[in-house]
Every structure is written in structure tokens, then in C-alpha cells.
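This structure is in C-alpha cells; I'll ask about it shortly.
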Amino acid sequence: MRPDKTTSMREAIASFVRDGDTVALEGFTHLIPTAAGHEIIRQGRRNLTIVRMTADIVVDQLLAGGCVTKLVSSFVGNSSAGSLGELRRRIEHADPEPLEFEEYSHHGMICRYLAGAQRLPFFPLRSYAGSDLPSVNPAIRTVSSPYSDERIHVVPPVNPDVTIVHAQRADRAGNTQIWGLTGVQAEAVFAAHKAVVVVEEIVDDDVVRSDPNRTVIPAHAVDAVVECPRGAHPSFAQGYYDRDNAFYRAWSGISRDRERLREWMAEWVHGTADHAEYVAKLGEEFWAGLAVGEAMSLPVNYGRRL
Amino acid sequence: MITPSERLSVVASRELAGRRTVFAGIGLPTLAASLAHLTVAPELEIVYESGVCGAHPSHLPETIADAVLITGAEAVLSMPALFGYVLQGGHIDVGFLGAAQIDRWGNLNSSVIGDWHSPKVRLPGSGGAMEVMANAREVFVVMRRHDRRSFVDELDFCTSPGPDRALAEGIRPLGAGVTKVVTELGILARGGVGEPLRLVAVQPGVTVAQVREATGWALEVADDVTEIEPPTGAELRLLREDVDPDRVYLR
Amino acid sequence: MITPSERLSVVASRELAGRRTVFAGIGLPTLAASLAHLTVAPELEIVYESGVCGAHPSHLPETIADAVLITGAEAVLSMPALFGYVLQGGHIDVGFLGAAQIDRWGNLNSSVIGDWHSPKVRLPGSGGAMEVMANAREVFVVMRRHDRRSFVDELDFCTSPGPDRALAEGIRPLGAGVTKVVTELGILARGGVGEPLRLVAVQPGVTVAQVREATGWALEVADDVTEIEPPTGAELRLLREDVDPDRVYLR
Amino acid sequence: MRPDKTTSMREAIASFVRDGDTVALEGFTHLIPTAAGHEIIRQGRRNLTIVRMTADIVVDQLLAGGCVTKLVSSFVGNSSAGSLGELRRRIEHADPEPLEFEEYSHHGMICRYLAGAQRLPFFPLRSYAGSDLPSVNPAIRTVSSPYSDERIHVVPPVNPDVTIVHAQRADRAGNTQIWGLTGVQAEAVFAAHKAVVVVEEIVDDDVVRSDPNRTVIPAHAVDAVVECPRGAHPSFAQGYYDRDNAFYRAWSGISRDRERLREWMAEWVHGTADHAEYVAKLGEEFWAGLAVGEAMSLPVNYGRRL
């Protein structure tokens, strides 16, 4: 009997995200856990530390929702589509309040997750030499190699209270399958004390078990499984729906204007009871525009003892 | 007629009550874990050193990497993920280990008999044993043979050190080290750092004196040594009919 | 009528002659690499920061993680593998980077205008730029704008340091840092450690004095500054008909 | 135009394995590159350093072939089926000559490959504290964390001259797909100066490209691709053929007896021109006994832009 870890988004956020927590949200352009971010905003969480390599729209929204005191990130921008208005106001003008920002490079963030997942006190990487970043981030240090006179930079582990990732599918026990870009999701989950996986669909055990190499996150690392179709919008889910590039382009304008941003949040986050309502509000015609066709993988034979 | 393998499997299975993840090799540990899954630990997941999580084998596996463990498994991980994220990451409740020699602190030797530089017998070495010892919450040892050649006062070589030896070097491992040793004579147990293995239970018909005689150090004995309950009919039926119907390991 | 984007893409593509792996972002770098693949570097493979290797996109990608880069690709790697094994492992011949500011040593700022602690403009930050600079054999920079706001005497903040700055800290990076800067005015180049960027070529109709005027430091000029060959008909045809037929980036 | 890296086993070994080289052969129980090992023996390579986590039958054969001066490993045994006769004679009795042995644990070996693949001067791991292994292996050292008073053990990188792995399939450029146990093959390849991939079958580009997540080793890390069906015998290739457990059990007896071992080598390695002859010599009836049935993975949709 494998345990059944399925729950609703509301229940998962209520149970696993508390005020003051360190929350990692991962997904590199692909499978961004937006719906989970919106539910955190709806539930009014406060004083969160958000850990996310690419702090993009969902982070700007969490900031606008008043949920975030501190950000740990390696890229703060709206992809290549422009700026994050709320984030820039917070950092450039402490408006409406300051934002503590702990800044790394991408590989630095990856190495923090790797150290966290592997219970290591530090992780070495060949970045930072000559950069000004260590001068504004004292957590970036150096270690001497015991094999030569070489020094190398290191970063400390990150162990979020909870990591939330989005995936294509999982079984009820939490075996999670991702294809396309898999990013740093497995490491972020293993680094966390608790992990919530949001999926496009919960599938039968047999589906997962027909292809165990597709399981990027095994059940024993997962605490809750939430089925939330289209929960990665405006990002994409490979094979399910495409990226909403128009929304990315629109976000710079929305977020630049404080009043427009407030209205957007009121209508689309606070004004929807849950992600199903958000999806319905966008409308079937909208979703048809993001639909994708079929490009099926060829099956492989795992073999059966005769 | 109950065979020694059956007895050891059943006794070890009971010790897994309520555990969730077990790191097991092939043979008695797999039998014990599979039986526990059907009895005292319904949520138990066996993780194999090869990278398999949540196996549903069609046949009893012959190695920890048997093809039947892969087909139909819930997940197959790379070795860096298995050793780094799962094991060193602290996701294993109980690890099973074997060894050629064990001492009173649960330190294990699986490297050499004699001197490492010119051994009398070269054994396989650590494999992942050292990592299981350092990173599992606790370690169970199942030894068919309980004699002074295996239960020694001093190891020829310490391959997999318990936490006492690690702490002496100023490094704190995650787990408690060996907490249970199940043998043909009885059960030795220790609670954790600073405690030696003590005799806590004997197999039916075995005396405390016999166990002491078979142990190469001055074995401490618990105040309340119990006699191990013999395998029940239900346990034996599950073991013989469901876990190892072809009697691959229940020889 | 040749657009600036076309000119920059063609000029950058020629610099990729014979290279095998290029780490490119979306936009001009992708156009340049795709054109080079059809002309001077037939074995060229574009590696994307998102983890895609050997993409065969059905449409021109809008981001480095565009779904069309994944479907039909030869490999998709996790980010630890991409940054650890491929990039830090030393498998990238040429990395393309952009920046808000560049100095004479090819150090780059993509973090802030003003002071980091209370910036006038908060820019996106490093992303993987620092890693590309440290680990690619060399780095090409394509800048649409060539002016004193971008080509500065001193960076407001050094995000991605060239090897000279790293060496000053006693650490030797793998690559040569920025070796080519392609702009609307010409090409700056440097050979590696200890060498500043020098003007080596100008776009047709541009004078050395103009480039000097647009550069925020006392720009050194090569003895034999050449005039850049205008895009050929073949190059333009490939770019317009095969690489970006919908003129997504060739605006 | 992707480069075509396909070649014969004979050519690959002749080109990429030179006397005195450090050669990594990986594959954990699954996909052991036995055929490559046999070709190294046939070509009479000498003074090799063999790097292999589980030094098993193929290592015993390389030792018997007189190819090996030094072994770097974390497990020296014939799986759970018994002993390696030649290896034990070399280590226990320096017979016919000593074998230099650099010993690690499994995770120690994995970390050496990880450091090698990532160009790191060392890799930290939570093993070795209290073990006698560092006392006989001075390469195992400690580093102090710059974040606490903690010390942690480290191992140095390994960068083999060449790594050879076996896989189910690859395209002609070297994009290599493995399913079932993937072990440490990718890391061993990335750590090496040169890499040879031996496969059950070379497939069309379209097969590989239908499922890019299945590609464990990308083409740019591979120097040669060799098609050699059944080249992993007596180990197995998931979905292609099963493990020859009887041969594993027999090996202890063969290798224990020096004369019997010499005869086995004369007949099966030196006495066959190549692996195709070895396969044919075993006979179709034999291979039928290792045949496996079908257990196909369910396809996933990668999606197509409409």
C-alpha cells in the first residue's frame, strides 16, 4: 500500500506554507508553479523568503501580494520581455517597503540546491573570481583545495522549509514525471524539508511504472501531490499547452503602473476562488490558442523475464 | 521444520515495524523487508543501491540490479542521485549491512582479513556500506553465522565505522550506526552513540552463555533478555507463498 | 536595404568559423549561430542555458526554453548537468553574452546602474553570464548600441569578470574572456589575458574617430583596421529565407 | 551536418586506448562494457590503470590478460556470486606480479567522477570519518567548511584518458540513450579526455530525437560510437537480453584455477577474432535462454506548435 498524498491546492498551501517560511519555487521558464504562487497570495502569507533562480512574473506577483520580505535569486527580470515593476520599486525605491535581496549566479543557486539536497556544508564552483557579487553577498566564500595551492569559491546549502514545483504528472504517492526541461526541480525538492508537487494530471500507477526512468522525483521525497491543470500559466507545460508570450510582454506594462497592477491582482488572483476559476475566466478560446499538437516519443522496451 | 533463513528473515522483518524506507541488499534483507511490507510496515519502500526505488518485481531478484527490479518500478535514479540525494540526503530509515567482522560498537569490516597491504583474504571492500552506515538513521545487520571469527574484539580493518569512531575524529554522522544484529543465536542491540551492543533476546533453546561463548568480546547482557517468539504460521505462509515461493533464498 | 540586425548577425556569424559548440541566448546570437551553421561552421551545435543540446526547432524560438527547442532535440539536460558538466566541464567553445556595460578588459555589468545597495536601475543580474565568462573558451559580445553609456571607463558593478580580474584574485579561469565585441560601428577584439579590447574593424562608412568618440575609454586601435565586408547576397538570403523567414528578430 | 563518429571496436580501441593510459569502464551490474575489455586484451595493451566502481569479471579478465598495473575501485568481487581469482592472487600474493590498488567507497568513486566531470579540484562527501580507508589511501583528505567549525572529507577528481561505456543505443553523432539503470555513465564520460560509447544498436536520428530526455550522454561529449550487439555479456542490457547468472556463478571456479583461467582466456578472448565471433560461438540456443519479452514504455507527448 503506497500512501495517498493527493490533496487540494488550498489544503497543500495551508498545511505546508507558514508565515515566515523559506519557500523555493522552481521551474526554469518551463513548468513555473504559478497557481501555487497565487494560492499563497490568496491565503495572505507574510514574511516569506522566496528562493527562485529566475525571479519572474510569479515573484513580482508575490511581491505585489505583500507576501515577501526576502528574495534569494540569480536573475530578476521578466524573461527577455521586459521588467518586473513591483520588484524594481521594492529594490530601487524601497517602495512600499524594502526587499532584502541575496543575489547569486545561476550556477551558484544550482550549487546551493545541490549542497542542500546532499546534506553538504558547502558546494564548490568555478564562478565568482573577480566578480563584485561576493562583495555584496558574504555567503559566497572560498575554500583552499587540499590537493594543490588552488582556491575555489563555495556557496552554502539552501534547505527551504518547503519546495513547490510543477510537473506534467505524478501518481498518488508522489512519483513525479517530467519531460522537456527538467531544470533543477529534483534538487530543489530533495533540498527541502517538505515538498509539494503540483501536476497537470494525476495518473494511474501503471502509467508511471511503464517508464521508471521518466520519474524525476521519487515518492519518498514528496509530501503532497496537487492536481491543478494549466497551473503553470503563463509558462508552459511541454506537451500540454504552450507559453503565453503575449502575457509576458503585457506584464511589463501591467506591473510598471502600480494602480493597474493592483487591479490585475484584484481581478485575477484575489478575484478568483482558485485556479480552476482563473482558468475558466481566461476562457476556452484563449486556451485553444495555446493548444499544442502531438509529437509522441517512441516507446522503449524495458523487457519482461520469460 | 523452520529453516535458519526463515527464522532470520522473520525476526528481522519484525524489527522494521513502522519504518518507511529501507536500503537493502539481496538475500535475507530483501526477504525481511518484503515480509515486513506485508505485515508490520505496510508503507515500506525498499531502495536498492543500484538506484531502484519502489520496485515491483515479477520474480525474486538475484542481484540488486536485476532487470526484474527495473521493469515496473516507480523510479530509477542515477547513482549520483541515489548516493547523494537519497542516501546522504538522509532519506533512509534503515540500512541493512553484512560484514566479515563486527565489533561491540557495531563497526564493520568488509575489506580484508589480515593487513590491508598484504591481506590473508582480500574481501570485496566497502561498496556503498560505508555510506549506508554514515547516512541511514540506523543499520541492521543480519549474520547467519554467530562465532568468534565474525564477532571480534578488534577488527582487522574498519571499513564502515559506527558513529563512535566518527565522533572520535570530530565528525558527527547522521545516524545511530548499527542498532540491531540478528543472528542464528539471538538479537544484539544498542541505542546509539556511546553504547555497546548488548544481548537483548535469544532464539528459542539458546542460552545466554552460548551467545557469550560465540562472541569474541565480553558481551554485555540486558537485564531482561527475552526469548524470541518463533515465526507464526501467518508469517511463514507469507514468506513461503508470497515472498519467495521458489525458495531462491529460503534454502 | 540591410537592417542593423542583419548586419550584426552576419558579422558575428563569420567569427564562428570552425567552432563546434556555442552557448547562445535568443535573438542576435541565435541568428548568428544559425547562419554560421549554414555557412562557416557546419558542425556547430548551439547549447542553450535551459539545457537543450542539438535543437532542431520547427519555428524560430522566442526564449532559450521555447517548447519548439525541446521537441525533436538531440538531448535535454538537467541544469546541474548543463552548468556543471557541459559549461564548467569546459565543453563550450564560444559563449555569447550581452550586458548593460562593458569595459576595456571585457568585464561586464548586467546587475545595476548605480550602487548595488540602492541602484538607480536594477537590471536582471548574472543569470548564467558569470559562468559563461568563466568557463567558455572565449566570449563574443554583440551590442546593438555603441555609446559611452555602454562602453564605459569603469563599470558600476562587475557582474561577469574577465580573466584579468579573476587572476588578480589568484584564480585562473578556463577561458580567455571576451575576445570579440561586434557593434553597429565595428569590431573590437582582444587576444586574452593582459590585453585590452582594440578596434580591429569598422563597418562601411564608419571612421575610427567615430568609434573612439562613442567609446568611454581611450580606445586602442589596431595597426591594420579593416573595413568589414558587407553581408553577401548568399548570407542575406540564408538569413532571411532559412534562419528567420518570419522576421521575428530581423526587425 | 552532425559528424559521424561510428567506427569498429578494433579501430576504437586502437585509437583511444594506449599503453599506460587510465581507462574508466563503467556500468553498475547493468551494461558492463565487456566486449571493449576483451578487445583491449586482444590488442595486448599494457600498464593500464583501470578505474571501475565494481571491479568484477571484466576486470579479472583484464588482469589475467596482463593489461593492468593499477586498479582504482570501490568493490572488488564477483557480484554476490563469489570471488575474482586473478585479482585475489595479484593482491594477496603478488602473483604473478603486484597490483597497485587505490581503494574508495562507492560514493567516493561517484564523487571523483563528479569532480572530474565538473572540473572541480575536489568533491566533498559525508563518508570516511572513522574509517581505516583514509589510512591506506592518502588521496582521501578533509576540508574545513567556511560556514561552521565542521570538517568534511573530500576526494580528488578523476579524469581518465578514456572512458568506455556500453549503452542500448546512440545516433551516429554520439547522442546516447540508456534506460533502466543509468549508473554513473554520464559522469564518467564527462570526466574523461576521450569517450567511447559501445551500443547494442545505432539508430536513426529520428529515434533519438523523438525522446531527447532519454539521451543520457550528449554527442559533444562522445568521440567514438561502436555498434556491438550483446557486448555487455555476461551482464545485461535492459530490454535486449538478460543477465547470464550461470556464467557469474561459474567464474569463481574458472578464475580460482590458474590453468583453467588461461584456457578460458585462450578460447573465448584470444581465440575469437572479435565480439561477433564470441557471440556466434555461444550459439543461438544460448542466446535464446537470455531473451526477454516485451514491456514497452507508454509514449509521452512532447508537443508540436500548431
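Letters A, B, C and D mark the chains in the order given here, with residues in each chain numbered from 1 onward.
Criterion: contacts are C-beta pairs under 8 Å (C-beta built on N, C-alpha and C of every residue); 3 or more make two chains touch, one makes a residue touch a chain.
Please read these numbers as outputs of a predicted model, since none were measured by experiment.
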Task = Report which interface contains more C-beta contacts, comparing A-B against B-D.
result = B-D
Request  = Please flag the chain sitting at the greatest distance from chain C, going by CA centroids.
outcome  = B
Request  = Would you mind pulling out the distance in Å between where the CA atoms of chain C average out and where those of chain D do?
outcome  = 39
Key: Between chain C and chain A, distance of the C-alpha-averaged centres to the nearest whole Å   = 28
Contacts with two or more other chains, residues of chain D listed in rising order = 114, 119-120, 125-126, 150, 152, 180, 182, 186-187, 210, 213, 238, 242, 292, 295, 302-305
Task = Would you mind listing the residues of chain C that make contact with two or more other chains?
result = 52, 67, 70-72, 76, 84, 88, 135, 174
Key: Overall pattern in which the protein chains touch one another (line/ring/star/complete/other)   = other
Request  = All pairs of touching chains, please: list them by chain label.
outcome  = A-B, A-C, A-D, B-D, C-D
Inquiry  = Show me the residue ranges of chain A that touch chain C in the complex, using the header's touch definition.
reply    = 28-30, 53-54, 73-77, 79-80, 87-88, 91-92, 103-107, 110, 114, 125-133, 136, 150-153, 180-184, 186-187, 236, 238, 242-243, 245, 292, 295
Request  = Can you check the complex and tell me which residues of chain D touch chain C?
outcome  = 1-3, 114, 117-120, 171, 173, 175, 186-187, 190, 205, 208-210, 212-213, 215, 217-221, 302-305
Touch list for chain C against partner chain D, complex = 20-21, 42-43, 45, 47, 52-54, 56, 58-59, 67-68, 70-77, 81, 84-86, 88-91, 135, 174
Query = Which residues of chain A touch chain D in the complex?
reply = 119-126, 141-148, 150, 152, 154, 156, 168, 177, 179-180, 182, 207, 210-211, 213-214, 238-240, 242, 291-306
Query = For chain C, which residues are in contact with chain A within the complex?
reply = 25-27, 49-52, 62-67, 70-72, 76, 78-80, 83-84, 87-88, 107, 111, 116-131, 134-135, 157-171, 173-174
